[in-house]
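Below are structures written as structure tokens.
Here come two complexes built around subunit A, the first alongside subunit B, the second alongside subunit C.
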Partner chain A sequence: MELVASSLFDLVSDVIRDTKGIGGWLSIAPDSSVGLFIPEILLCGTILAMLVLRLFRLGEKLDMFYVALIGVGAALLVLSPWRLSENAELFARRELFTGLLVYDGFSVFIRGLLLGFGVLFLVFAKISGIPSRYDSADIYTLVLGATLGLCIMSAANHLLVVFMGVEMASVPSYALAGMQKRDRKASEAALKFAVYGAGAAGIMLYGISLLAGLFHTVHLPTLAAQISTMLPQMETPELMVAALAGLMIMAGLAYKLSAFPFHYWIPDVFEGAPAEVGAFLSIASKAAALALLVRVVVGMGTLPDSSETAARDSVVARARQDNPATPADLLAQAPPAQSTMYVRHDEEHAAAETEDHPREDHATPGESDSATSATTDGLETARTFMAKLIALIAIVTCTFGNLAAYGQKNIKRMLAYSTIAHAGFMMMAVPALLAVADSHPQVAASAVSGIAIYLVIYLFMNLGAFAIVAFLRNEMGSEQIDDYAGLLKCCPGITLCFVVILFSLIGLPPLAGFIAKFAVLASVADAFRLSGHPYLMGVLVVGVLNTAISLIYYLRVARVMTMLPEPESRVPISLPLFSVAGWYVLAMTIPVAFLIVNWGSLHRTATAAVAHLLGS
Partner chain B sequence: MAGLLATITVSHYLAVGAFFFVTGVLCMATKRNALGVLMGIELVLNGANLNFIAFGSQYLREETLGLDGQLIALFVIILAAAEAAVALAIALSFYNAHSTIDVDQGDELKG
Partner chain C sequence: MLAAIDLHGFLFVLFALTACVFAAGVLFSSNIVRMAFNLVLSLGSSAGLFFLAGAEFVGAMQLMIYVGGTLVLLVFGVMLTAQHRFLEMRTNAGEWVLSLLVGGALLMVLLQAAFSVSQWNTPYAQRDQVEIDESKSATPIAAALTGVRVDKLEETNPRLRAGKSGYLMPFVIVSMHLLVVLVGAAYLARPRMAVRQMRRGG
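Take a look at the complex of A and B:
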């Protein structure tokens, strides 16, 4: 009894040390879990402050916009992602909170992107005035809550956190979509969003439970170690359960990414909800979902460098391996949580428990593959399965989004399909990453840096586009493409900015969109050259073809705005470039137009961000 | 009698969980009432939860998920409650605008 008690004490102090670092009771070490989690804690504090301040008379007079802006700005300052290009060694991979979250350059980059977007978004919402002053505290609370969830998604290292991040980001988004009360379309959009979203999350959770049962762990690096040893010895029914679980998790991720079979909510939500919400969902939500996809495939597909993680041993990973009733044994375990521990579990583990649930067969290209090549390394099998599945989804998503955007009359619906197409395009780098993750980690890292570059450029392009749509809606009360006819006459500055942004969304050379597409396609081409997988060639060809397809519908909007005559019935509108709204649009357009001058610094930052992602 | 004395294994729990999951998915796919759809979602989440608890139990098999199983189940219960609250509020706002919660009536936006 004595022994157990002292061990329990050790266990608790171990957890405390892991959480706040060594030091006095009130001091928090800057490199401890809590110390690296301060941006998220600041977001939580801002949310609480906004909710509590309204209770007092002083708070009623206060504009919550400033509270929210200060909170997000402070979080961004604490995170300071601009240090990435100076010293990448500060951002070595490190597990937080006993392995639940991971802190590395990539998570800093994506969280910096999300928080930076948060600042820009708050300013945008303030200028366009969509949350009325009375509602603004609610809306900003929801936006900050969703941002918090997105930050957690981008740092997930554990399947529970994957699910929690998705839910924490989704639930406030459902409410945001329905923020215009008594509006028929908004309430319909919110209901569809909530029902589909909750359904997809439920399916993903079931997939996680199957995977957890098969491999006895939910910690992603440990899962990779388990897959590499256990997958080759699995029987066909078990392999089918594993493939089914992978498909189910992919369904949940594809929903957040608005990838092909789960894309149908995006156009409805974008049309029903205000353009501001569309901007939030199409940029922040996509960025975090892509980061999560990268986290999951890297986590499940590659073994982490054990020397790096050994420094910060994971209590959870140890607790999992031993009988949880005896903490003494648990503490006696050797710290490194990685592959060395699994050697003793090599013996065939009774297959009887994992009964195959007879359900309809999902015929996917990877499934037959995972059954036949089971004798090779298990991780290679898992990687091939994921790469082929994601390549297929990316190809279909990109093509479908571009084709469906063609016939749209509402500009927000068109931007919704354009969002789907861009999500597909960004996903194309993921199969490239998986194909060379083992053989050429440098090339694999450059695929992720391609995604990171794409996300930054996409932020400016789409925020600019949605800002113009929102400002034009405020002026003329319409979001139909046909009503934009002849805008060149009455507001030339804004029209030119919109045309630049549309050309950049296509990916025409001097503009930023070209750099983005080039970065992704170059990494796919590199991966194809090195690995020779034919499906990468397919991805490459489809990517180039889609750029050509997208030309048509973006140019149609540009043509309507510049070449068609102005309808006579329209009330005169004024949206000069030299107004607050105009300056905002200009601030979004300038990076899009002139990034090519100085794109090296973005490239350096993105490269530094992914330096430690693959443990190389 | 032999059937009654048989040991309960993980498979039994998994079968019940799979039943919940399939029922929930069917419910989501076929119900026209928004509340029915939400109930289907709860069933799916609880089916997954049952799996987690069974995989985490040390009495059912030797190599387990450990405490993670139970902890995930706890987190999922809380998240499901939060999600249900928001979804019910949205269903209410849908009712205010449409005077019905029949999901088929929401057909103004063509996905």
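Take a look at the complex of A and C:
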């Protein structure tokens, strides 16, 4: 029994080292789990500070906007995603919290995007005056809580954390959707959102439990390794269950992505909730959901780089001397003094095994060559299944969103359908990623970088659009497209910005929206050229066609604003470009209009972000 | 001296008494918040009884779910929707009679069932020879919540072993989530205050 006791000690010391690194009680190593999790911890601290400060008389007078802004800004500074393009090697993939989360360039990029959006959103909410000052602390708490969940979603490496992140992001959003309490429509929308959301989460959880039952793990890299060996040997009923589990998990993700057929909540919620909440749901929520989709398909569809899973394992490997591990495992992490002894001990055992497994030296020792070829088959099956499923969802979502947006009279409802369409468009890169993940990892990575570029541009476009809608609502109290008639006369600057943003949402060159759509479609075309899968051609054609369809309804808004005469009954509107609101709109429009001048730096950052995603 | 005291018996009597006294407290109090607090103590004591009986898992679940979750929810629900007619609960005579009948019948059935097993009636003659089996306990779950997967040591497949992650992070971060949700619930549940504040011009 001595072995157990000493291994328990090893387990505990491994957890401590993994969580906070070696050192004194209070020291936290910068490359430990907690050290890399500081942005999220700062968000937690800000939420607590906003609650505690209100207890004091002085804090009551304090505008919580500043507390929230400082908190999110500090989190962004600590994360510093702008270092990505300088040195991608700093952001090599590593697992946090014993494999629950993953830290790599992609997670830094998406979390940077989310926190950057958080800063912009807080400023936007402050300018537009919703929430009122009395409610602001509660609303900011909800926004920050949801952002925390979104950050966790974008770094998930374990299906338990996937579920938890989705819930942490969703539940505060339900309350946000019902922010205007006296509005019947808002309450109804919030209730619909909550009920459907709970249903979708339940379905996803059931899918996760089915996968856990089949493959004995929900840790994504382990799951991929299990799928690779177990899937080829599965009987038909088991395969049916696996496919069902995949469908159910995809249903949960599709709900977060507002993909067809789980999109029905979004128009109601967007119409009922204020435009500020719409901006949050359509940008931050979508960004994290897409990142999560990429995480799940990459996690389940590709085998990870062996070194980092092996690194966590080394302590247990040391503890269990009767079960030799490969030298790579031991050299990767164990402290030098201890590792050398076991390397010598294991060397002749393991050296022979690694020759057979150049790609996956962490797999079960003793597997033959035939098993290695079966390995790729199993994952290939899973990848093709996911690719076709997501391609279908993306095609239908994009087309449906664009067609349904056509008949809308309320601008927020139109933007809701536009959000659905854009989500579908971004999803189109995922089948491309899956199709070439094994054969051409570089092209697959460029598909993810296409999504990353799209998300950044989409942030500015949609935040600009929602900001204009909110500022116009404050001025004229209406969100109907028809009431925007003749806006060019009374506020030309804002109207011009809106037209630029709408043209960019269509994807017309030389605006930023064109770069976004081009990045996604180019990766699909590349993947089609390299793999020759016909469904990718279908995705490509539908993507191009949808750009043409979207022309109609975006241009209709532009036409109403610029060409129709001003109604006489309208109260005079003053929304000059030279006001705080105008500056904000301008700050969103300038990147949209002039990104083409310097889009290389965005491309470099996105490429650096995905460099380590596929473990190649 | 200390060994002479029968600690097990003493704790049993203590927990059983507190469980019963506070259960009676639930019955005879008319304020919902006091009832809830009495129920916390009563359920907590019965969790202590479970621990004494060696059913650690049931005891831990009793503490976590009933004492920790449901009752806190109840107290918060009462606090958020605090209106006089919901706060005070008056039970009329008919309800007393009915509940005494139902509760008494259940008590009779349970007592009858418990005392009908003859082994449970007679104490063991040689207490020294009683061996306590190693029971299924909550230890692996609790250890996993602190990040240590003790079942890793029994797993022979090295690949599955790599996939065993500790649950420290979710366990801690979920408290943040619950706090945020509570703030959201409080926000949605206080319509009047906001209106009053707005009239005051805040």
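Annotations for the structure displayed:
We take it that the second predicted complex is superposed on the first by the 541 of 616 C-alpha atoms of A that agree within 3 Å, B and C clash if a C-alpha of one lies under 4 Å from a C-alpha of the other, contacts with A are read in each partner's own complex, and residues count from 1 in each chain.
We take it that a contact is a pair of C-beta atoms (placed from the backbone, for glycine too) under 8 Å apart; a residue touches a chain by one contact, two chains touch by 3 or more.
Here the structure is a predicted model, which means the values were calculated and not measured.
Looking at the shared chain after the overlay, A:Q226 reaches subunit C, while subunit B stays out of its contact range. In the superposition on chain A, contact is made by A:S7 with subunit C only, not with subunit B. When the two structures are aligned on the shared chain, A:T46 is found in touch with neither subunit B nor subunit C.
Of the two partner chains placed by superposition, only subunit B is touched by A:A198; subunit C is not.
Contacts of A:G145 after superposition on the shared chain: subunit C is touched, whereas subunit B is not.
In the superposition on chain A, no contact is made by A:T607 with either subunit B or subunit C.
By the document's definition of touching, of the two partners only subunit C reaches A:Y134; subunit B does not.
With both structures placed on the common chain, the touch criterion links A:Q408 to neither subunit B nor subunit C. Once the two complexes are laid over each other on the shared chain, residue contacts for A:L160 go to subunit B and to subunit C alike. Judged by the document's definition of touching, subunit A residues 160, 164, 167, 171, 174-175, 178, 181-182, 216-218, 316, 319-320, 323, 325 lie at the interface with subunit B and also at the interface with subunit C. Every residue of subunit C that touches subunit A in the complex is listed here, in rising order: 146-150, 152-153, 156-170, 173-174, 176-177, 179-181, 183-188, 191, 194, 197-198, 202. Residues 160, 163-164, 167, 171, 174-175, 178, 181-192, 194-195, 198-199, 201-203, 205-206, 208-210, 212-213, 216-218, 264-265, 267-268, 271-272, 316, 319-321, 323-325, 345, 349-350, 352-355, 357, 359 of subunit A are the ones touching subunit B in the complex. Every residue of subunit A that touches subunit C in the complex is listed here, in rising order: 4, 7-8, 11-12, 15, 18-19, 33, 37, 40, 44, 47-48, 51, 96-101, 132-135, 138-139, 141-142, 144-146, 148-149, 152, 158, 160-161, 164, 167-168, 171-172, 174-176, 178, 181-182, 216-219, 221-223, 225-226, 309-310, 312-313, 316-317, 319-320, 323, 325, 362-365.
Touching subunit A in their complex are the following residues of subunit B: 9-11, 14-15, 17-18, 21-22, 24-25, 28, 34, 37-38, 40-41, 44-45, 47-49, 51-52, 54-55, 58, 60-61, 63-69, 71-72, 75-76, 79, 82-83, 86-87, 89-91, 93-94, 96-98, 103, 106, 108-111.
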